[in-house]
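Listed below are the structures to be examined.
Presented sequentially are two complexes of subunit A, the first with subunit B as partner and the second with subunit C.
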Partner chain A sequence: MIAETGLIALWIAAAFAALQACLGLAVLKAGGEDLMRAVRPVAIAQAVMTATAFGALLLVFYRTDLSVKLVVDDSATTLPTLYRITGAWGNHEGSMLMWVTILALAGAAVALFERRLPERTLAATIAAQGVIALGFFAFLLFSSNPFARVYDVPAEGNGFNPLLQDPGLAFHPPTLYVGYVGLSVAFSFAVGALLTRDVGPAFARAMRPWVLGAWMFLTLGITAGSYWAYYELGWGGWWFWDPTENASLMPWLAATALLHSVTVLATRDGLRAWTVMLAVVAFSMSMVGTFLVRSGVLTSVHAFALDPRRGAFILVLLALYIGGALALFGARIATVSEGNRFEPVSREGALVVNNLLLSVILAIVLIGTLYPLFTEAMGTKVSVGPPYFNATAGPIALILVAVMAAGPVMRWRRDQIVAVGKRIAIPAVLVIVALAVALWWAPGLHILPLLGLALAAGTAAASVAPLWKRNLRRTPLFTWGMVVAHFGVAVSLAGMASESAFTQETLVAARPGEMVRVGPYAVRFAAIEPVAGENYTAVQATLVATRGTATPITLRPAQRTFDNPPQQTSESAIATRPDGQLYTVVGEPVPGGRWQLRLWWKPFVTLIWLGGTLIAIGGALSLIGRSLPRRRKAEEQSGFARFR
Partner chain B sequence: MKAKNQRLVLALIALVALVGAALLAMSALKDRASYFYSPSDALRDHVALGQAVRLGGVVEKGSLRRETDGVTIDFRVTDGIATVAARYTGIVPDLFREGSGVVAEGRFTAPGQFVADTILAKHDENYKPPELAGNGMHQSASLKK
Partner chain C sequence: MSLRTIRILLWLPLAAFLIVLALVAAGLIRPHDNSVRSQMIGKPLPAFSLPSTRPGQPPLTSASFADGKVRLINIFGSWCIPCAEEMPQLQTLKQSGAVIEGIASRDRPADSLGFLRRYGDPYDRIGDDSQSALQIAIGSSGVPETYVIDGKGLIRLQHIGPIGPQDIGDILAAIRDAQG
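Now for the complex of A and B:
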């Protein structure tokens, strides 16, 4: 019954979404208080029905109802409770349902709380939300029904992918989805503003919290995903430029550009067309990402259970939404009047450069991700990996960081090069000093890590420059947000550069009792023994690592064996110290009573994710700062408070 | 500068930047996209020695041999028609075994002789790979030389 309830709720929700779209368009066409009053409850009803459907899915998964096909495919009664629940979104249908649930909840929130937009724009926005939701409901109902039954109820399910049986991964997809959906709201705002030709600062201020929120969640999601890949896959890397990683990076790049251009629009009424365009592009990128990951078109080692119908469905949705939005953009943009002018050397100028560089990186990542598809269509198989992305996106990202350091100390509208130069003199000197120190201390450094380390030092200093000589207690929260986020970029960059420059690795086959050295550590291979887990058995090594006179650390890397589905995973063991991480993996047994051991010493690698977290915290501070009652109106209007 | 002109200039700069990005990407792709070969392709097309490529196929049954250092393995990659001898130093991914699908990144040191830097094992065909977070590949990076 529960599954049927879910399915019925889904149909009703789809009907409400259709009604929402029609009502919104009717308000746009004819206006009318009564109609507008009807729009809000409809949006809320749609959210309630969608949430009901998702709740039903969670319930059938929690109960491991093996008469539901999805549960049979992706769960088992032997799973720990946490993964019996998270299994609900650890698959295609369930994750799509979660997507549309978050979308509906966001739409209801817009309908309930949005007071800044003019009524007609709000109506158009809500209509656009309804249309987007409708596409996804159609997708679920016609090609990916999560509630489909099986008639031969099996005794046991096929289990849940052991790699996904990790708390980090259980909560990582929802985080990313909140980000994607936030971008869909920004997209709806842009469509609404285009429909009513109302692209201006008020629209930008209404859209900004959504962009900030989406961006914050995307940042968190990418950071968490990177750390998960790092510790769970046992390969010691933190970014692989895999298509699925790129699928979340591309919307993030677009959202970052949008976040900065929406600030120009909100505070200086500039970059109108560009901001609307970016809102369309950002959501398109989350759709493209969904398409790439879900359709199985990519020749990836992921090699999905291929389902061309789903791919075609998403492709059609993609064409409708993006094509429709672009057509609307083309038809209406000429009537959007021009914004304010600015000199090339100004805060706006720096933000334009920021936007261009982000767009360039986005283009490079997009081309690199799609290229294998095109060549395969031509009959050649190609794989594009780290060598391409590092060589192209790496240098541009470094230039971007340099611009990021200079931007916040520039004045709006017009500034003098000499004056800006004076303001960034200290960070610039720091870069040169750091460069010299790095060259002296580690002469063999590669160019990218070298520049990364030097720039990180300069950027860290430059990012706090906007606080210089200010009353820190009266500095608005959104200025703090910017400072923290920019500082986070410096921290992250330092971690990436340090990891790629100074990592040390030891790979051996050792007998219990032997000593192995890696970096500053002497590691004793103390023992290896079998252990049993809740739904797996494992072989666990005990390693005792000593470094100078410090207390020895005990690490227990393991190889787990699951039998439903039959699969092995390696569980790395990581010791975190202030100056880096000791990362250990145990491999297979080797004749002669030996076991493969792989040890890494990664100096300051944790800074990568610490920086990512700081960036997200910066976003949160800005979001809170923007939503608080406006006490300092003058500063609110000038965006970040002016540089003094 | 009039507002209209400024908008035009900005649009042009944006266009130039994006075209530049595309050109940069295409030229980098020419150099750095590693081509994907099956053993038959590799033997027929005479892959340049030392060039970064990916080799895909199945680990031939009975071909897996371990060196005495305990961390280097030799095996043959086959596509049912041709085979290539491969060598790898490192911990192999969890799903790597004889008869399983494999993608090896590395280079040919002699015709038919492949040295892998990285091994990617294909997921069991009966089970879906993780689709959500990405990174679903089972990977093992090699020793940095």
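Now for the complex of A and C:
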């Protein structure tokens, strides 16, 4: 019965979404207090029904109800409780249901709390949310029903992909989806504003918290996903430019650009068309990303449902939504009056450069991701790997970081080059000093890591410059947010540069008892023995790593063998020290009683994710600061907010 | 820029999106090919000489492939379950006249021979590739894998994974092509 309840709730939710779209459009067309009052409860009812459906799915997974096909395919009674629940979204249908649940909840939140938008724009926005949800309900009900039953109830399910059996990955999709869906709200705002030709600072201020929130969750999701891939896949890298990774990076790049342009629109009433465009692009990128990893069009290391029919369905949705929004953009944006002008040397100018650079990186990633598809259409099969992305996106990202360092010390509207130069003198000197130190310390350094290290030092200094000579206690929270986020970028950049410049790798076939060296460590291969886990067996190595006179560290990397479904995973063992990580993997047995061991010493690699977390924290601080209404209005109107 | 040009430029995003859409739709409609292609296709076999797994037989060498006869090379291991699964298909290919040379990858001769006693032996000769040196040289990423080698010793086809009943036609066609 639970599964049927879920399915019925899903149908009712779809009906409410349709009603929501119609009511919203009616308000847009005719206006009307009464109609508008009806829109809000409908949006809330849609969210309640969708959440009920998702709750039903969680329940059938928690109980491992093997009469539901999805549970049979993706779960088993032998799973630990955490994965019996998270298994609900560790598959195609369940993750789509979670997607639409978050969408519906976000729509209800807009209907409930949004007070800054004019009525007609709000109605159009809510209608757009209804239309988006309707498409996804249709997708679930007609092509990906999560509640389908099986009539020969098996004794046991097929189990859950062992790679996903990790706390990090259990919570990675929800985080990312909140980000994607937050961008859908920005998209609906943009569509609403285009429909009513009402693109102004009020619109930007209403949209900004959604963009900030979405961006913060995307940042967290990407950071967590990167760390998961790093420790779980056991290949020792943290970013592979895999289509699935790019699928979350592309909306993040667009959202980052949007976040900055929406600030220009909110505070200075500039960049109107551009902001609307970015709002459309950002959500388009999350839909394109969803499509790319769900349809099997691109080959990815992440195994997802490969089903062209479902792909075709999402593609049609994509065509309708994105195509529709871009057509609306083309037709309407010229009638939106132009915003304020500004001088090239100004805060706005720096933000425009930032936006352009982000867009270029986005284009590079998009082209690189789609290029294999293009050449396959031409008849040759290629894959575009890290060398392309690193060589093209890397240098531009470095320029972007440099602009990021300079932007916050510039004034709105107009500034003097000489004055800006004085303000960034200290960071600039730091860059040069860091460059000199790096060249002296490690002369053979590759150019990108070298510049990365130097820039990271300068950017770290420049990002705290806005706090210089300020009363720290009276500094607004959103300024703190910006400082923390920009500082996080510097920290991350330092981690990336250090990892790519100084990583040391040792690959050996060793017998128990042998000594292996990697970086500053001497690692003794002490033992290898079988161990049993909750739903797997494993071969576990014991490694004892010593460095100078410090206490030896014991690491236990393992090869796990799951029997349901049959799969092997390699569990790396990582020792984290203040100056880096010792990363160890045990591989296959080699004839002669030896085992493959892979050891890496990665100096300061943890800074990558520490930086990512700081960026997200910065976003959270800004979001809180922007939600607190006091004092903001005065500052935004006066134009004297020097460092913001 | 005139107002007119700007108006046209505003439609550029839609145009770009439609191009991407067409591309992706084409990718979706075309039958999808997920296999990893070896860079070795169309190239001669790398030089190798492997001791025979069967005691008392001459080694398997690359030189012996350029004698005008089309052959299959099948890489297998006694430890590999899909390899056992494809054995009936190899037998069918053999009955259809294909000459199959085996490469025992990362295996002990005794284990390989035990495997063939159990599942049948379709091989003309078997090379013992205990360090998987040939496997790496030939661009193979796992077992089982099957290659069609033409009479000049050129690699003509790479089949990744076990040969299923549905693949037999393709492989026989590739053998005919290689002869033609």
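By our rule, the second predicted complex is superposed on the first by the 625 of 644 C-alpha atoms of A that agree within 3 Å, B and C clash if a C-alpha of one lies under 4 Å from a C-alpha of the other, contacts with A are read in each partner's own complex, and residues count from 1 in each chain.
The rule is simple: contacts are C-beta pairs under 8 Å (C-beta built on N, C-alpha and C of every residue); 3 or more make two chains touch, one makes a residue touch a chain.
From a predicted model like this one, the values you see are computed outputs, not experimental measurements.
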First (subunit B), second (subunit C), both or neither touched by A:326: second
Partner chain(s) touched by A:564 [first = subunit B, second = subunit C, both, neither]: neither
Partner chain(s) touched by A:356 [first = subunit B, second = subunit C, both, neither]: first
First (subunit B), second (subunit C), both or neither touched by A:143: neither
First (subunit B), second (subunit C), both or neither touched by A:5: neither
First, second, both or neither for A:92, with subunit B first and subunit C second: first
Subunit B versus subunit C as contact partner of A:591, first or second or both or neither: both
Superposed model, subunit A: greater residue contact from subunit B or subunit C: B
Common interface residues of subunit A - those touching subunit B in one complex and subunit C in the other: 273, 299, 381, 591
Residues on subunit A engaged by subunit C in the complex (per definition of touch): 273, 277, 280-281, 284, 288, 291, 295-299, 306, 308, 311-312, 315, 318-319, 322-323, 326-327, 329-330, 333-334, 366, 370, 373-374, 376-377, 381, 591
Subunit A to subunit B touching residues, read off their complex: 73, 89-92, 95, 158, 161, 163-164, 169, 172-173, 225, 228-229, 233-237, 240, 242-245, 247-248, 273-274, 293-294, 299-305, 338-342, 352, 356-357, 359-361, 363-364, 367-368, 371-372, 380-385, 387-388, 391-392, 503, 505, 507-509, 559, 565-570, 585, 587-588, 590-592, 594, 596, 598
Parts of subunit C lying in touch with subunit A, wherever the complex brings them together: 3, 6-7, 10-11, 13-14, 17-18, 20-21, 23-30, 32-34, 37, 106, 108, 130
Complex contacts: residues of subunit B adjacent to subunit A: 1-4, 6-7, 10, 13-14, 17-18, 20-22, 24-26, 28-29, 32-37, 52, 54, 56, 66, 69-71, 89-92, 94-95, 103, 105, 120-124, 126-141, 143-144
